[in-house]
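In what follows, a structure is listed as structure tokens, so that the remarks can point back to it.
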Amino acid sequence: MYHHVKELMYTVRIGVPDPRFGNMLLEQFGGANGELAAAMQYSVQGLNCDDPERKDLLMDIGTEELSHLEVVGTLARMHLKPLKDNRKAAHEDPLIAIAGGGGVALFNSMGNAWTADYLKITGELDVDLRSNIAAEARAKIVYERLINFTDEGNYRHSSVPYDSRNYPHEGIYCRARKHGQADLLHWKETSHADLS
Amino acid sequence: MYHHVKELMYTVRIGVPDPRFGNMLLEQFGGANGELAAAMQYSVQGLNCDDPERKDLLMDIGTEELSHLEVVGTLARMHLKPLKDNRKAAHEDPLIAIAGGGGVALFNSMGNAWTADYLKITGELDVDLRSNIAAEARAKIVYERLINFTDEGNYRHSSVPYDSRNYPHEGIYCRARKHGQADLLHWKETSHADLS
Amino acid sequence: MYHHVKELMYTVRIGVPDPRFGNMLLEQFGGANGELAAAMQYSVQGLNCDDPERKDLLMDIGTEELSHLEVVGTLARMHLKPLKDNRKAAHEDPLIAIAGGGGVALFNSMGNAWTADYLKITGELDVDLRSNIAAEARAKIVYERLINFTDEGNYRHSSVPYDSRNYPHEGIYCRARKHGQADLLHWKETSHADLS
Amino acid sequence: MYHHVKELMYTVRIGVPDPRFGNMLLEQFGGANGELAAAMQYSVQGLNCDDPERKDLLMDIGTEELSHLEVVGTLARMHLKPLKDNRKAAHEDPLIAIAGGGGVALFNSMGNAWTADYLKITGELDVDLRSNIAAEARAKIVYERLINFTDEGNYRHSSVPYDSRNYPHEGIYCRARKHGQADLLHWKETSHADLS
Amino acid sequence: MYHHVKELMYTVRIGVPDPRFGNMLLEQFGGANGELAAAMQYSVQGLNCDDPERKDLLMDIGTEELSHLEVVGTLARMHLKPLKDNRKAAHEDPLIAIAGGGGVALFNSMGNAWTADYLKITGELDVDLRSNIAAEARAKIVYERLINFTDEGNYRHSSVPYDSRNYPHEGIYCRARKHGQADLLHWKETSHADLS
Amino acid sequence: MYHHVKELMYTVRIGVPDPRFGNMLLEQFGGANGELAAAMQYSVQGLNCDDPERKDLLMDIGTEELSHLEVVGTLARMHLKPLKDNRKAAHEDPLIAIAGGGGVALFNSMGNAWTADYLKITGELDVDLRSNIAAEARAKIVYERLINFTDEGNYRHSSVPYDSRNYPHEGIYCRARKHGQADLLHWKETSHADLS
């Protein structure tokens, strides 16, 4: 069961709204390697998992990705808001301006709707953990490229905490692949301490 | 920010697994009028909403739909599990058996991947609330049809609680359309009492 | 059965072609809340409807939306024509310029192909009428946003007539939900008078 | 501008509803080589056409395909209606039964939503006429295969008239490719006589 | 069985990389009328063909289209490379820059993923050959429009050889439609001589 | 540049055609984890790769996957052929029977068109190799499940050789991730010896 707290996982602040950058951020929101893809891939694998320890692991990380999704969406919207009224900017992003009123939507940066075809879920845990390792690596490279393309100090500040979760996630999945259940429990406890 | 508790919103139990019914249930899981569509439509509208009261309302209902998604997914998987090993059943549902190992996936009952094209989000709150009223009505009719097609007493038991939330949701959206902010706060408190 | 008359429902004239605006107009042509979506949603509901009065209503409004589609498509094409030969403009809209030769296509403003996933059709008339009310509201907001983004007086002139049909359509669907068949016939006759 | 008359282009009658056959018919309704694809391909080419004679030709044939769409949809629905209440049949076609209430939808026989990606429109008339010749040939082969798979005498009776239009359409497009405008006008008049 | 030689079918050289033109080229790479569509349409028809002569013909032309795909992809990538590091250019093409690191992907010029919905394959050879004639014509018009939009002498040099294959392909398909097997063998030998 | 030899990489023979199994095989043909996905993912990564050794590696494995695609397609078609004429079987697979004439198409087992959204290509080699390791693991599990669901001895015979390439591919990608260029050349030579 899910609960929602009225507080973002990380604080977000921006300087001058930059709609073009806000549009790029949609890669992390509704894109193939973004937070919704991660949240859904891990949570659905969790639903399909019979091993209680790994089920918990997958549901936990999946829930964390939902919190990331919320942060990215909030940040992107701050940057996209001018599209509601600014005609010149709206020309650049007609789908967001005309259809979406300057808000975020579950699209990538080229307006393609998010699709569950992005997900890799076989129901075979060992295989799925490999897919998750790869997914974390892709999410990380998307984040790094976005960092390189921004002057937005605030974005760096907001992004660094949640992005720094990608590396531990990747580690957790690697360890989960190699070891059995008792080890997993141990490492889960250990990594939670590392990441506090 | 989201938290996940290791307990379903509603208990689910089944008698004999029925893969065909489990496949039908995917309409509520990854279908156009299912729980993921509801969760995403309301939550993204919430991200786009500047009015704090309505923002809370949308995020709350969106989060509840995630909990419903979890219940439906768990129930569907219980029914689909035989597909992993049973050849005759697997012929009927090759995508789930071969690609998914007998687990749930974010597809509808005909194996079509969930797509954000199902969502109706304009960023104009009055318009979006109309879309939500319609969405709740559609979710309800899907639920009713599923009820009619099942012998599964347990499904009825599991479904009735969360489906009974559709009607209140519809009411909340209707009231939210008609009245201003102060009224909304009042009715939110009132409806929470009604629905306890 | 359909007949086509070689005359647009509303006259269209433009001043200087504006390819960027023509591209925005595709939201009303091949977009999620545009005229093809409306035409198909209502007409297919009409095919599925057993009640003769409501069937006629749905087929009538669906046919009217086809006429709107024709008007929007003609207008959009007038604005897009320069893309056939103008390299600089073509860079902005390569799909239309290279694949489409400067003509309209059933895409939205970001080149995404129209999909029947945009439609909401359950076969349950009361539910479908709610979906139609929401659809009319969304079409209206798209139209209003396009108006705000254009200098194009002619567009306003062409659009106002067919857009002013959205409000009556919404009213017709609202009344159709609340009342039985005899009432519907009465209001259909009344509204035809109102709208002449 | 379009008008709709409350009378099908061809009468349809069926004996015993056959949901499985009704589902196959969806290939002609919402399938890649069906009537909606034909109607849209020709009509949008017509919108993009500057030559008045060819524009008329394309709009005429496009409109006729809309009338075919209506006939196919009516016929398919007659066959699909039992899915609304019959559980065993509903298992076979869950999307139509659960999501669609036993009605038709713009899907193909495997529940895939119709997409404008099916259309071939380049804006270059000579090229587009070749695409139309091919489209007519494909529609014809789909029709012939459906005929072979049905015991339904009524289907044959209903289908033969509108299918017999495919061959003349193909001829019209072939002639339109080879000859200039004056010739086209002559052949249009001639073929109308042939086909009365 | 396929073999790959480490040498492009045609040499490609460019002057100054032009990311905007590189993006247009994606219409020939991952677009509806591009080389992957041609390669797959002909090769899959070949797999479905029982007539050995025509099977060979289809597999041969399909393989040639794979070589074209390789040439186009190499050329497009040369033009797109600056997107990896150049922020201003990246704004114009965020999907390629952020998700793809400045490389090619199987998208069209608007970032839409290639889909097998682009293909026309009925398994009826006479019908499929008509579809292929139309496909070659469309590929040719896309090529001609790209030529018109480029200053890139090198592109013309690289493109002319492989594009000049479109016309012979169209001829081969026309002849294959009209004549029986013995004739086909004769013409295949003849055309190979023509095209050396 | 590609060459095609008129001989399958592995011989295929079947006993009694089994259309249901043939349909399952489409997961390996046009499915998310099938041979086309593998061929395209590796080949496009190869096009984007600047390192000559890794480029060769990716193009080699990609080409091999095309040969696998040809084998799977041939085998699937042998099983699907009865759908062309057998009405009862056609009911089960209407898309293949009616639209495809009993032949293979680039769909998965539920008739969903192959899409480039299945591919994971970031242009960052280290990340892409992780994605490839995961892809090979998924292809392998699909193969294993198909083996379990078949009585078809011939399928096992045909499949074992090309499936046994999945494990070496996975090994090649693992080694390619960990080591630099000189090592890669060494291991490529070594693995070719292993796999002869």
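Going in written order, the chains are labelled A, B, C, D, E and F, and every chain counts its residues from 1.
Quick note on the criterion: a contact is a pair of C-beta atoms (placed from the backbone, for glycine too) under 8 Å apart; a residue touches a chain by one contact, two chains touch by 3 or more.
Keep in mind it's a predicted model, so treat the numbers as computed, not measured.
K.L.:
Touching both subunit D and subunit F: give me those chains, sorted by label.
P.N.:
Where subunit D and subunit F share a partner, that partner set is B, E.
K.L.:
What's the minimum number of touch steps needed to get from subunit B to subunit E?
P.N.:
2
K.L.:
Of all the other chains, whose mean CA position lies farthest from subunit C?
P.N.:
Relative to subunit C, the chain with the farthest C-alpha centre is F.
K.L.:
Looking at subunit B with subunit F, do both copies bring the same residues to the contact (over half shared) or different ones?
P.N.:
Counting shared over all numbers used gives less than one half: different.
K.L.:
Write down the chain pair in B-C, D-E or A-E that repeats the interface of D-F; the criterion is over half of the contact pairs matching by residue number.
P.N.:
A-E
K.L.:
At what distance in angstrom does the C-alpha mean of subunit F lie from that of subunit C?
P.N.:
44
K.L.:
Could you work out how far the Cα centre of subunit A sits from that of subunit B, in whole Å?
P.N.:
That pair's centroid distance is 22 Å.
K.L.:
Taking the mean of the C-alpha atoms as each chain's centre, how many Å separate subunit A from subunit C?
P.N.:
Taking the mean C-alpha position of each chain, the two centres sit 36 Å apart.
K.L.:
For subunit C, give me the residues that contact two or more of the other chains.
P.N.:
Counting only residues that touch two or more other chains, subunit C contributes 32-33, 99, 101, 110-113, 115, 117, 122, 124, 141-142.
K.L.:
What's the complete list of touching chain pairs for this entry?
P.N.:
Contact pairs between chains: A-B, A-C, A-E, A-F, B-C, B-D, B-F, C-D, C-E, D-E, D-F, E-F.
K.L.:
Of all residues in subunit E, which touch subunit F in the complex?
P.N.:
Result: residues 1-9, 30, 40, 43-44, 47-48, 56, 59-60, 62-64, 66-67, 70, 73-74, 77, 84, 99-107, 113-117, 119, 121-124 of subunit E touch subunit F.
K.L.:
Which of the residues in subunit C come into contact with subunit B in the complex?
P.N.:
Touch residues, subunit C against subunit B: 32-33, 115, 117-118, 120, 122, 124, 126-127, 130-131, 133-134, 137-138, 140-142.
K.L.:
Report the residues of subunit A in contact with subunit C in the complex, numbered from low to high.
P.N.:
The contact residues of subunit A facing subunit C are 85, 87, 90-91, 94-95, 97-99, 101, 110-113.
K.L.:
Can you tell me which positions in subunit D touch subunit F when the two form their complex?
P.N.:
20-21, 23-24, 27, 31-33, 108-112, 141-142, 145-146, 148-149
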